[in-house]
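Both of the next two complexes hold chain A, though its partner changes from chain B to chain C.
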Partner chain A sequence: MMERRLRRTSLYIPGTNPGMLANASVYGADSIILDLEDGVPVSEKDAARILVRNALRAIRYRGVEITVRVNALCTPFGKDDFEEIIPLAPDAIRLPKCESPEDVRQADALMSELESRNEIQPGTVQIIAITESASGGTKLSEIAAASPRIAALNYGAEDYTADIGAVRTKEGHELDDIRAKVIVAARIAGVQALDSVFGDVNDMDGLYAEAFRVRQLGFDGKSVIHPRQISVVHSAFTPSEKEIGFAERVMKAFHEAASRGAGVIALDGRMIDAPVVARAQKIIALAEAAGCLLIEG
Partner chain B sequence: MPSDRRVTIMSMEKDSRKKFFFTGEQKDIPSIRKKREGGKIAATLEEAFRLAEVRDGMTISFHHHLRDGDLVVNMALDVLAKMGIRDLVLAPSALFPVHEDILRHVRSGVVRSIEGSVNGPVGRAASEGLFSSPVILRSHGGRARAMQSGELHVDIAVIGAPAADAMGNLSGISGPSACGSLGYAFTDAQYADRVIAVTDNLVSYPAVPFSIPQTLVDWVVPVERIGIPEKIVSGTLRVTRDPLRLIIARQVAKIVEESGLFLDGFSMQAGAGGISLAASAFIREKMKAAGIRGSFISGGITGQSVEMLEEGLFSSLLDVQSFDLEAVASLASNRNHAEMSASFYANTASKGCSVDMLDVAVLGATQVDLDFNVNVNTESDGILLHGVGGHMDTAAGAAMTVIVTPLFRGRMPMVVDRVLTVTTPGHTVDVVVTERGVAVNPQRKDLLENLRGKGIPLVEIGDLKKMAEELTGVPAAPLFGEKVIGIVEYRDGTIIDTIRQRI
Partner chain C sequence: MSQMNNERTGVSGSLESCDALVMVVFSPDCEGLEIEIDSPSIASFGEEMRKAVRETLESAGIFRGIVKIQDRGSLDCTLRARVETAARRALAGDVREKVNT
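Up next, the complex of A and B:
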């Protein structure tokens, strides 16, 4: 199943901050992460859970994907998080410490039970898996395939780096391997690959460079920790005029071939196959989101 | 040939003849006497008040160019209290938190009422019913009009002057308490019966360049300090970094760009608040990108306005109030940075005011309602906390008036069914910009046409209210008593709204 939703940016919102919870959809990110996990101190876990639950009940978030980063089921907080949050059917949960397909299956089962109990179609709430260990990094394909709920693969840069014994650097080469693994596994499974945060909220140039680089590697988006990072990442994920032009021509050839009933799509005398069409579709979607192709409305 | 001319000789008394024919005696010309005796200097403020023949019940006026660093109002009231004067009417162009001391004089009977403006603690006291007669709230233009027409008759104007000479030439651009433009003080100097200048910077005669000429000033009182410099002018005002306010500001710039007014000769006025400053910054970027050369920025001038003048984005600045040190320095040195009086700025009874030449005004609000009426005087709890400023004037004159406000502040919606106080009437308000949507006044079909299909989140004003209430719920209405504690006067002198006592 091809995951189509745009997730160029995923903005972390601490679950303890009512002001930010109220305004989450205004900042312009594609996806929002209401955080119950690492952004919340242990002493506040229960307060955050209640606040986020109430926000999901009371606020009609418009035009964004709403996801909640719950605590892992292996922690004392995880089960309560699931029980309070799943009944409110956010678009997805972000599942940290996803190191094996079993972790996914366990969450899936609990979610199905909670959905049925609350008259929600089982399978409604998706999962974005966050892998944070060396071991998990070797099982990404299985994780991606462990449940139809899986919409995207993500990794936790800090924890992963610590686990493999590397040093976290600005250039980020210690993440080359996990990035490659995430992308490959995501593509095979037909889900999205999402990159981790860029911690320096004052370095917009560094952020742009990293976002541009990971887009080139094949990532579909990046997490951000401050609203002012959103527009920077969006520009990095905005296709160039050349890319858009080419994509438009590919789509035109595709539609033309389809209307003729032809099985082969040709452009400039060369054969265009499915992956190229898929990429062209993605580029058009990014271009639309960036407002490059303004549709009168 | 004998002449037919007849000369009629009027019979005149000896004294009356003195008035017609030069007798060679020295006439008592006050100015000559003053020059000989050291100008118009009065040793103390008390002496100046005595020379001005201050009496109970008089109207005393002040300008607010020294803002929250002003020491003049409190100084003057302390002196008047000591002199045993009572029942005064205060006519400030605006008040600041530093003027909370006025309340002491109100309670002791020195000050009877206030006409013109209130702020913070004084407004709150008014809402609580402290004053025996209602506070009259006027805009900058309205105050000038009222003084010109005589409706507001000022007996004595006290003008804090950052620089003054012994003959009463006054300026705001130099001295330790430099404040830049003395725009609001012009009206006081022009229409008050008597004018006392108070200065902490006596300069040698003549004080060129001067703003207010000696021909309007009666006495000059040198004092230790007229203001606290760091509270008069801030260092360079910073653009907000709040993501929500930046979203609103960006939207404003986009709207200006698509309004149909964004051409060479473009003019604008924006406040110095966080959102307005940011909006100006984004407009600045768009002007550079589009190669547009504007005609003027007017109103309160900031360092950012000065930079836009120096960058060639605008040909001139019309300054009625200088907000920071950059603005003061520019006024002093740049010929294209002009000082303007409150009358020039906004007085409908003048022969033309600058607000009528404005393309775009970006203004704030404490509340907006479904008819696009704007409240800037009372907060959501009904307490009178702010004066009018130039809001209703600028909104009336500008070709496009843009109101910026977050959709809710704290748990209070900013878009309501009906504002608690109508300061600026809805027919002068064109666009309301919040972080969640933009509402255009339906009477502006031309603007709606221009703004559609440009990626601007256009919604009905009613939808903005609904969005706010979804989050905040509908607040309980504040309770008011019968007593009218404030009268809001429109620019033309008519009463646009009243404010009642909060109970």
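Up next, the complex of A and C:
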């Protein structure tokens, strides 16, 4: 299984904005999305592709995952995006309109060809699949299993709800169905589940409530469209002191049992099995990322 | 600037901060490349900017023409991207509305 990278926030950066491209890594997001797709008008697709390619060549983005949302291969822009971007080996591409395993396999094949041609180890660039239709929502497990490059599943809230005929609301109950599908498919495949954006950049309370809820549901992170949303989502993804304290005790008991060669671990009269250890590891990783890990003593 | 029949013009970029507005007129009738740059950085980085423009255009196969740049503090990679885009648009015969003739 591939390394589980911290992706609490993924910040969209329009591929047409040189100032934001230059400063993309300073905002504090775990991942940045250099966007060639919906954030770019059709008349500027060529300019954004060249601008993002040059930014990837010239700018040292430190301490952040670099991803590029390319256009889908079924559009007139997708193939050119792959040919300019894959040779620069970003950490991952965000693949929109991922509605079948064939969409992933087609992207995988082209990426392998481009990696080989540019002397990059095949499989280096990961894929974060974005599903945006009712049809795609029924094939998430197959999409997640279609390539070892898949690092995470994501969905496009606006396109998906338009496709199923739902009304968008602040509460977001119309997304309950796709969120459940994304989480279950991601867990089966052993990849991450990433939530879509919260569109109102002025409603920080609403953003916090939604981010907190999706973390409870099992999501590993959430896309953001404005730098001011980053700290709010990180806060929602920061475990409570009680959660951190319990996770530390679980890990201590786990390590002690492992050193004794004991097969069964108990803590406070409760059996600690693999899922509890996995959850504790995830909480500790989130706590470390938030800089709030408790010191035992 | 007059637009002759065998000239093709491409424009890219903007006048936003950190960007540059670039117009490339691909003109086989010119003697060479005529580069005009208006930039707050011209005193310090004028030569580097001209070099970047010239290299980018020559890579695109343009050796004769006129380039006009209104720079707003663009990085080297941005300037090269804008010039390359404008050059490709010029070669494609893509005359954009922003061109002031």
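One rule holds in what follows: the second predicted complex is superposed on the first by the 291 of 297 C-alpha atoms of A that agree within 3 Å, B and C clash if a C-alpha of one lies under 4 Å from a C-alpha of the other, contacts with A are read in each partner's own complex, and residues count from 1 in each chain.
The criterion applied here is as follows: a contact is a pair of C-beta atoms (placed from the backbone, for glycine too) under 8 Å apart; a residue touches a chain by one contact, two chains touch by 3 or more.
All values reported here derive from a predicted model rather than from experimental measurement.
Legend: residue contacts after superposition of the two complexes on their common chain; A:G269 is shown touching neither chain B nor chain C. Within the superposed three-chain model, A:G28 lies in touch with chain B and out of touch with chain C [touch as defined at top].
Of the two partner chains, neither chain B nor chain C is touched by A:G165.
In the superposed model, A:G291 makes contact with chain B only, not with chain C. Once the two complexes are overlaid on the shared chain, A:A58 sits against chain B and chain C alike.
Judged by the touch definition given at the top, the superposed model places A:R228 against chain B, while chain C stays out of reach.
Overlaid on A, the two complexes show chain B and chain C touching the same residues of chain A, namely 22, 58-59. Partner chain B is touched in their complex by these residues of chain A: 22-23, 26-28, 58-60, 226-228, 291, 294, 296-297. Residues of chain B that touch chain A in their complex: 241, 243-244, 246-247, 435-436, 453, 455, 470-471.
The touching residues of chain C, counted against chain A in their complex, run 12-13, 16-19, 74-78, 80-82, 84-85, 88-89. Touching chain C in their complex are the following residues of chain A: 17-19, 21-22, 46-47, 50-51, 53-55, 57-59.
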